[in-house]
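Next up: the structures, one after another.
In the two assemblies presented below, chain A is common to both, partnered first by chain B and then by chain C.
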Partner chain A sequence: MILQIIVNGILKGGLYALMALGMSLIWGVMDIINIAHGAFIMLGAYCSYWLFTLWGVDPFISLFLSIFFMFLVGYAIQKYLINLVIRATIFITLILAFGIEIFLNNLALVMWTADVRKVQVPYGAANFNIGTVTIPYVRLSAFIIALVIAGIFYIVLNKTRTGRSIRATAQDLDAARLVGVDVAKTYALTFGMGVGAAGAAGTLWAILFPINPMMGGILTLKSFVVVIIGGLGTMFGPIIGGLTLGVAEALGSNWFGATYENLISFTILVLVLIFLPRGILGKRE
Partner chain B sequence: MKAWSKWSKGLLVLGIVFGLLVGMNTGAYAKNVIKFGCAMSFTGKKSRTGKLYIDSLKLAMDAINKSGGIKVGNKSYNVEIKFYDDKSNPSESAKLIEKLIVEDKVNFLLGPYSSGITIPDSIVAQRYKIPMVEGGGASGKIFARHNPYIFGTLPAAGQYFRTTLQMLAGFTPKPKSIALIYGDDKFDISVAKGAKKIAEKLGLKVVLFEKISEGSADFNTILTKVKSLAPDALLMAGHTEGGINLVQQAKELNVNVKMISMTVGPSEADFRKSLGKDAEYIFGVASWSPQMNFKGIIFKNTKEFVKIFKAKYNYDPDYHNASAVAELAVYKSAIERAGSLDPKKVRDAIAKTKIETIYGPVEFNPNGQIKGSSVVLQIQGGQVYQVYPKGTKKPIYPMPKWKERK
Partner chain C sequence: MAQRGDTSKKVILGILIIAGIAIPFFTGNFIIRFFTNALMFAILASAWNIIGGYTGYASFGNVVFLGIGAYVSAVLMEKGGVPFWIAFPASGLGSAVFAVLIGLPVLRLKGHYFAIATLGVAEAMKALVDNLDITEGNSGIYLPVMNLSVKAQYIFFYFMMLGVLALTLIVTYVMLKKKLGYGLIAIREDEEAAGSLGVNTTLFKVTSFALSGFFSGLAGSLYAYQQGFIKPESVFDVGVTVKMIVMAVFGGIGSLLGPLLGALSIEIISEVLTNYFLVAHTLFFGAIVILAIVFTPKGIMDIVSGRKKFGLNYLLQNIRDHRV
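Coming up: the complex of A and B.
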């Protein structure tokens, strides 16, 4: 039984990691705490839901469409909205993100009502056994997709010109501008990538869980915790943070009872902030 | 160009003046009106179920007004409901109830949705001595405060699972153990505590009794425990989304019990739509189902209500909807019997209510809660059927294992 619980935790951690990847990227590069992250996950979920419901597009295909669509949304929001206040203090971007969240939630509420919906695919709950441990396919895929996206982010950031300009902007804005990096465009690209990853998380969420317009709030919080635990500045931070949180929640709710799931998450957050203020993988200065 | 804009401005002013005049006219010639106040969850966490109450109350209001209103002595009054959005927030709701009484000067109050919000609202109603009939809160705590102004049309939460457990104990071979999980919510806690007592009396062992945090989507740990304890039945007191998560994850982790039953969920269309075939064989509890048939006060009978309701809103009504209709039926009968709009007299008439509505017979206990119990439902072939104590179909038990289903 304890083995099953640890496996549950690891798989859930994969989903957490996928959720937090985008938030970590945006935070690390632009110093924007994207409160609207959960709302973007929600939009990604609805994107796949409608593609599935209206045209029968399988969620694992609409995954790519949802990433692409959310990339465009993110790119546009950064270019036409956030870039206008990016020079202001962190509070202004925080408030702007907060406003975007409220706007998106209520827009979704008006357009799609508060009905609970779910992508109803036949394989939604399919599973296989290894010994006594049961492993659901979709959760395993979420785990693998999280690793793949983290890998892609890593390659893009470290091996391509775009990635180098993103990192350069993160390290020293003025120097980056001096050597000819188009900062506004770089920011828009980064935000697009982060929001695209949120879209992927949303698609997988819609296969596993019911969705509704207000689902984003708690997801933003969880992503936030994962980012802090994992540490900023590396793409493997969210993975480590997600796994830590997933396993800790699974074991904790087994020992202390399911009511304490959130208590456990935030206790870990506080402990990490006290003992490892830059997160488990965060860069020391 | 200039002349044109002058013209259009003039027209606009004329239009506004005309509009105002028409507005005033309808006000002046309107019939006598009884004003009801209601703070309901239009937005926020409870808004999905809140909408069921809003739809029903509006439909019942129109039906009353079309058939001549409510008679007080020789005069007949139209019904008007003043709605506010409580954002699913108890303290907001209590403030709005106060506003309805003090500023809008409503005659009577209708309840909000969910037990947690009903408690503060009922305290405000008591303070101003205005009766409140509510159909959305069933926790015993609402009725344990010796508040003479609160009346509820949902049966006591602690009794919700009684019929389910009686049915379970009657199966052969007799089930031995159950697992009970419940949300962190006043109503769910009352349901679970009541069910635990009843189960133990019936000789069923409660092997797991655990609270889950509301809003959590993850049931993996609990289901892993259930799998290792292997009870005969899994009972959950929670809300629709939790129910969907529980069933989906039970299948994901291949947890096979002989019966899964839950309070809210199976009776709602969203639940069946979200789970599709996996919703089969799930049991539910309700104080009402559309398959019942009762004579009514506002509508001719249950069948007619269901027909009119579906034609207008294009979804199947469930017990929330019927319970909301019962609220207005109680008021109509009580106000007509009292022959007055005096809150105290109407309150006394409500306490003596003994009527039949499309929701079933309504009679209140001295604490203000309805006398009555719930029926057991089961999803079979994509439809919800009443299966116990009487029913259109027989209960299917045990439910087939996940891997043995087609």
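Coming up: the complex of A and C.
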């Protein structure tokens, strides 16, 4: 029983990690807290939902389309909107992101109504057993995909020229500019990558859970919690944070009841901020 | 130029005071109710301005004080049978005490971390109130009904809100002339320097947070009593925090009357939008937030007080200042 709960927590934690990956990248490189993150996850989810419902595209294939489409959306938003105010005080970008969230959520609400929808894949309930623990195939696949995408992020950031310019910009904007990095474009690429990861998380979320236009708010908050627990500035932070939150929530809801899930997440958030402000893996100053 | 700014500020203030007192006697219930709500947001935005604007700590959880104020009143009046005139100040004090308790650990954090911590506190409080028995959980709690005619109630709440707003602005004004105000601004500009010059930064920050909480708590009490019924998701709504910050920023943060002007303009804009676009008004509200932030990140106070000339150049200059 307890083992099953922990496994469930770990599997959900992988998805949390993917959600937080994009937010952590955007936060770490540009110092933007992307409150619209949940709205991008929602758009990614609907992207796969419509591809599946209208043309029967399997969500594990539309995953790639969702990532690509959300990358373009993120790139454009950074290039034509956020870049315009990025050097103003920190809460200017915070509120701009909130404006974007309100806009996207309500656009989705007007276009697709508040109905709760679900991607009904035929293999949704298939599972296998290891001992007494039941593992659904879709959840395991979502978990593995989340880790693969985190791995791709790691490679892009550490082994490619684009990755180097992103890291250079994060470390010192002026120095990066001096050595010829196109900062505006790098920012747009970074935001695009972050939003692309959100799109992937959205697709996986749509496979596992019902979706609606207002689903983003709580996912944004959960992504915060994960980023804070894991700590900024490392690619493994979101993974550690995601798994921690997933397991803590699963155990907590089991002990205290499911209505306490949010109380547990946010209490962890505040405690981590007070006692471990750089997170578990974050760099010490 | 400075003189011109001062005179027009006085004129604006005079017009606002006269209009503020006269409105309920010349208008119907709908308008009174609308302005009561706008005044509440003016209180919240002005209270946020104390911690976010003058002290430079961008609290993203100030709605927690509204919620605590509302629930202190609701629980005291409904469960304890306490009269409103005791529950009302108790709500303000309750929020202020909470601000001190939570401020001591949280105000050590800076920038984004402080913003997220306060957001987390507000969400945790919402989840807690959702699960407590004494607050009747997520089914919400009723307050005793007021023993006054409908029109008299509207006028009562209008003037109570106006009074709390006046109190907030007067206290802020006085604070700015005292050591506290200078200390807070010093903390905003450079906390380490302020500390080394002998400013007790912890005490000052916590005081500022407590003041912000106190006024928001009073507004929460009035809101709860007027609504007669409150639920955790309505009085702990993150959206309310964002709205008060947008109002403060739109009006001009770190200026005394900015948040008030911001609150009035944003409330009027939203009301007009709601009238014309019943379904999509929040969509347009989002668009307005985006445009306001991009084009007037320093707020409209500069324009209203005549310090800057409004025009395409002004809007483009704002973008030139902040883009990469």
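Here are some notes:
Operating definition for what follows: the second predicted complex is superposed on the first by the 285 of 285 C-alpha atoms of A that agree within 3 Å, B and C clash if a C-alpha of one lies under 4 Å from a C-alpha of the other, contacts with A are read in each partner's own complex, and residues count from 1 in each chain.
In the analysis below, a contact is a pair of C-beta atoms (placed from the backbone, for glycine too) under 8 Å apart; a residue touches a chain by one contact, two chains touch by 3 or more.
These figures come from a predicted structure and were not determined experimentally.
Within the superposed three-chain model, A:214 lies in touch with chain B and out of touch with chain C [touch as defined at top].
By the touch criterion defined above, A:52 reaches neither chain B nor chain C. In the superposition on chain A, contact of A:98 is made with chain C only, not with chain B. Contacts of A:16 after superposition on the shared chain: neither chain B nor chain C is touched. Legend: residue contacts after superposition of the two complexes on their common chain; A:87 is shown touching chain C, with no touch to chain B. When the shared chain is aligned, chain C comes close enough to touch A:266, but chain B does not.
Of the two partners, chain B and chain C, it is C that touches more residues of chain A. Legend: residue contacts after superposition of the two complexes on their common chain; A:75 is shown touching neither chain B nor chain C.
Overlap of the chain B and chain C interfaces on chain A comprises residues 109, 259-260, 262.
In the complex of the two chains, the chain A residues touching chain B come out as 1, 4-5, 8, 12, 109, 113-118, 120, 124-125, 127, 129, 134, 136, 138-139, 208-210, 212, 214, 218, 249-250, 253-254, 257-262.
Those residues of chain A lying in contact with chain C across their complex are 27, 31, 33, 81, 83-92, 94-96, 98-107, 109-110, 173, 183-184, 187, 217, 221, 224-225, 228, 259-260, 262-263, 266-267, 269-270, 273-274, 277.
Of all residues in chain B, only 43-45, 47-48, 51, 181, 184, 210-213, 215-222, 224-225, 227-228, 240-241, 244-245, 248-249, 251-254, 270-271, 273-276, 278, 402 touch chain A in the complex they form. In the complex of the two chains, the chain C residues touching chain A come out as 52, 58, 60, 105-106, 108-109, 111-113, 115-117, 119-121, 123-124, 126-128, 130-131, 138, 238, 242, 245-246, 249, 279-280, 282-283, 285-290, 293-294, 297, 319, 321-324.
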